[in-house]
Amino acid sequence: MPGAFTELRRLAHEANQALPASGLVKYAFGNASAMDRGRGVFAIKPSGVPYTALRPADMVIVDLDGRLVDGRLSPSSDTRTHAVLYRSFPAIGGIVHTHSTHATAWAQAGRSIPVLGTTHADHLDRDVPCTRPMSPKAIRGDYEAETGKAIVKAFRSISPAETPMVLVFGHGPFTWGATAEKAVYHAVILEELAKMAFLTLGINPRAPRLNRTLVSRHFNRKHGKNATYGQKP
Amino acid sequence: MPGAFTELRRLAHEANQALPASGLVKYAFGNASAMDRGRGVFAIKPSGVPYTALRPADMVIVDLDGRLVDGRLSPSSDTRTHAVLYRSFPAIGGIVHTHSTHATAWAQAGRSIPVLGTTHADHLDRDVPCTRPMSPKAIRGDYEAETGKAIVKAFRSISPAETPMVLVFGHGPFTWGATAEKAVYHAVILEELAKMAFLTLGINPRAPRLNRTLVSRHFNRKHGKNATYGQKP
Amino acid sequence: MPGAFTELRRLAHEANQALPASGLVKYAFGNASAMDRGRGVFAIKPSGVPYTALRPADMVIVDLDGRLVDGRLSPSSDTRTHAVLYRSFPAIGGIVHTHSTHATAWAQAGRSIPVLGTTHADHLDRDVPCTRPMSPKAIRGDYEAETGKAIVKAFRSISPAETPMVLVFGHGPFTWGATAEKAVYHAVILEELAKMAFLTLGINPRAPRLNRTLVSRHFNRKHGKNATYGQKP
Amino acid sequence: MPGAFTELRRLAHEANQALPASGLVKYAFGNASAMDRGRGVFAIKPSGVPYTALRPADMVIVDLDGRLVDGRLSPSSDTRTHAVLYRSFPAIGGIVHTHSTHATAWAQAGRSIPVLGTTHADHLDRDVPCTRPMSPKAIRGDYEAETGKAIVKAFRSISPAETPMVLVFGHGPFTWGATAEKAVYHAVILEELAKMAFLTLGINPRAPRLNRTLVSRHFNRKHGKNATYGQKP
């Protein structure tokens, strides 16, 4: 019963619409998805449809193996990457992939984005990791799933709940969060962190990483049990 | 019978209007044209008319030798460059010339834009070529036609259907496509690739070209018989 | 009597609204406050509330020890930094904190912004100072107050009335002025000075500081008793 | 009879309004003026008035010695620079001064902008000159008039009609033209040339100046008796 996915489609559609509005994507680049853990399915942007033409009903419902569950259109070519991430990172409820300019430049440079300031530490307490290059075999194989696996491998000793973003080597950023809306937020923040880091190293190529004590102070102001930022519920 | 060119003029006008809207041109810079292969004529922007004042009826119809066929205004000063490209690249139906900031900077630097990431490989599977400098004789001669010839020479071993963009040394970009609309799309993409490449080499001056297997994987996802991207017709 | 703070709240609200409008902040980043010297209280943005949702009545009234005087919401997490600055710089009536891109990059680079031109000298007659890194003890202690103290220390031999801006090492800019509106103005100017200085050193890494005579000439055209700029009252 | 200056004020007002609209100035930065050669007076922006509040009637009429002829407000602090330029360059009818970001960065770097491409050569056939630093005596003296003299000195062997722009060392750009509208146009072009040159040298620090034959070809396509660009009258 397709009607049952109305809310999930609405969430995915809203997240996808936020991408061009925030200047992160052009034309049909990028995609956002929203997960329903109860049903084990997610809603994702259809492949190659421009954002301006996108309606909630166009969102494609797929399961965690990336198989079509409901929808008239083909899902995003990156669907299997999303599926791998949802399977491997059980706490996340939304994923965003963009080719935003500065984050993509860091991915193309093959460099993690160092934690150079408190803007970064307010959101994650370590460098934004960059995946390792994929092997020719992985590229020729189930490429989109392998992209997901390369991300998961980069997070072997990193908590995806605390570090909601990654650069895929030579490709671009993926971000996620408890919701699709949070994943969009992280995509916007990542682009800003990438721009600031580019400028910082332009001004001072030997700019040091932020002092660890200061990183923890800022990260813990906004995250965890003792967070003091924002309004109490 | 001028009325017969109404649709061709509409296509050219729409493409020209898209240039300032996409931030690629200022004032009267740049031009777009649309080809009618059946009649062997194309519609092109009149010379030096600001985009804001441009109406479909102002588009000038010229033949493949660049001779006026229909229209009240003088055609773009770059008309003979367009004519050479239409003659030499029979598969293309639209051409765009801009002085967009980052692409022009690469042209002024005299450098091809290396394929550094998948955003680039999604659109072309090699560097964006830069033409060789023109000889003083060519510059003093039929300069605009010579510009076209310099582009054609750069494509001796490159397929213009697969590589729909070029940098003219010291000048700026030309892009093309099956339609004028596609040529505009490629002009927007080229400017973004040029910006990303500038930033990438700023972050890592030794950033390597993207692995060939990955270039092919991305290019073939979107192009050719086995393309998997987008919706099936 | 809360109604008594209506005008102060209006001033603080207006300054906070100006921050996203001028492109200096995204989401809930940054904060502005307005001081009432007569009552010894200031109005500041509530913590973590997006600018789009902000109403004048949401502004929180606190005293110079950062204690809540009036308001339903928790004040900005940077409130104690504001309090220290209002206590130490008696002439100022408004403070703004942002993470604006270029100014933050200089703060992350740990570099003062050198006075390279007259745009800078029109507003302050010396480098924009950058604070010293804070000790781990200060970071673990009353961090926000310590941030204020680090700023005050950087101004031991600088007049905060003549130099209305600072970079906090690894963090970002604080600006101030006779009013909250002026503090916003200085935040916009600082971002522009930071961008110009980045570009200047990119063009000429050995660009010298502006000649002292020229610095004074421009600064005194706009400031002090003999100012000639603007309209006579 | 003040009414007699209505048209001149309108021209100056329109040019001043175009500056913030084109993104070249913030707040009250910059100024534009329009010359009436018949009467020997020009209309210029009043000092320190924000563009948003500016009405045609606010434009100040001054003579070529910079003396007030008509108007209720004090003229721009740069008025005597304009006066010197109008006296020394008899063919110009409008002047614009901005602190536009990239052009100002080149002025702060103390570097002429090299002619690196045809976008530059379409507008001027040589580097954008940068003035020599002013002596302390000149700075302490009639500073604004001395700024004009420094520009005139830089044009001893350059035609101001063919090179309608200059960088004042450590300060920023002045541009001019046959009309105030043309001066605005040149200010927009200069900012774009400055940005392109910054990027070009970032990509290739040894990028050569454009071949002289190509410079002349492009410049002469648009200027002089044999110009082929644009529509015949």
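Which chain is which? They are A, B, C and D, in the order written, and residues in each are numbered from 1.
Assume a residue touches a chain if its C-beta (ideal position, glycine included) is under 8 Å from a C-beta of that chain, and two chains touch if they have at least 3 such contacts.
Computed from a predicted model, the values in this text were never measured in an experiment.
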Among the chains here, which has the CA centroid at the largest distance from subunit D's centroid? A
Angle, in degrees to the nearest 5, of the Cα rotation that carries subunit B onto subunit C: 180
Distance between chain centroids, defined by C-alpha means - subunit B, subunit C (Å): 47
Distance-wise, how many Å sit between the C-alpha centres of subunit C and subunit D, to the nearest whole number? 33
Which residues belonging to subunit B are in contact with no fewer than two other chains? 201-202
Sort the chain contact graph into one of these: line, ring, star, complete or other. ring
Let me know each pair of chains that touch one another. A-B, A-C, B-D, C-D
So, in the complex, the side of subunit D touching subunit B is made of residues 116-119, 185, 188, 192, 195-197, 199-204, 207-208, 210-211, 213-214, 217, 221, 228-232
Taking the complex as given, what residues does subunit C use to touch subunit A? 26-27, 29, 46-49, 73-74, 77, 99, 101-102, 104-111, 133-134, 136, 139-140, 143, 170-172, 198, 201-202
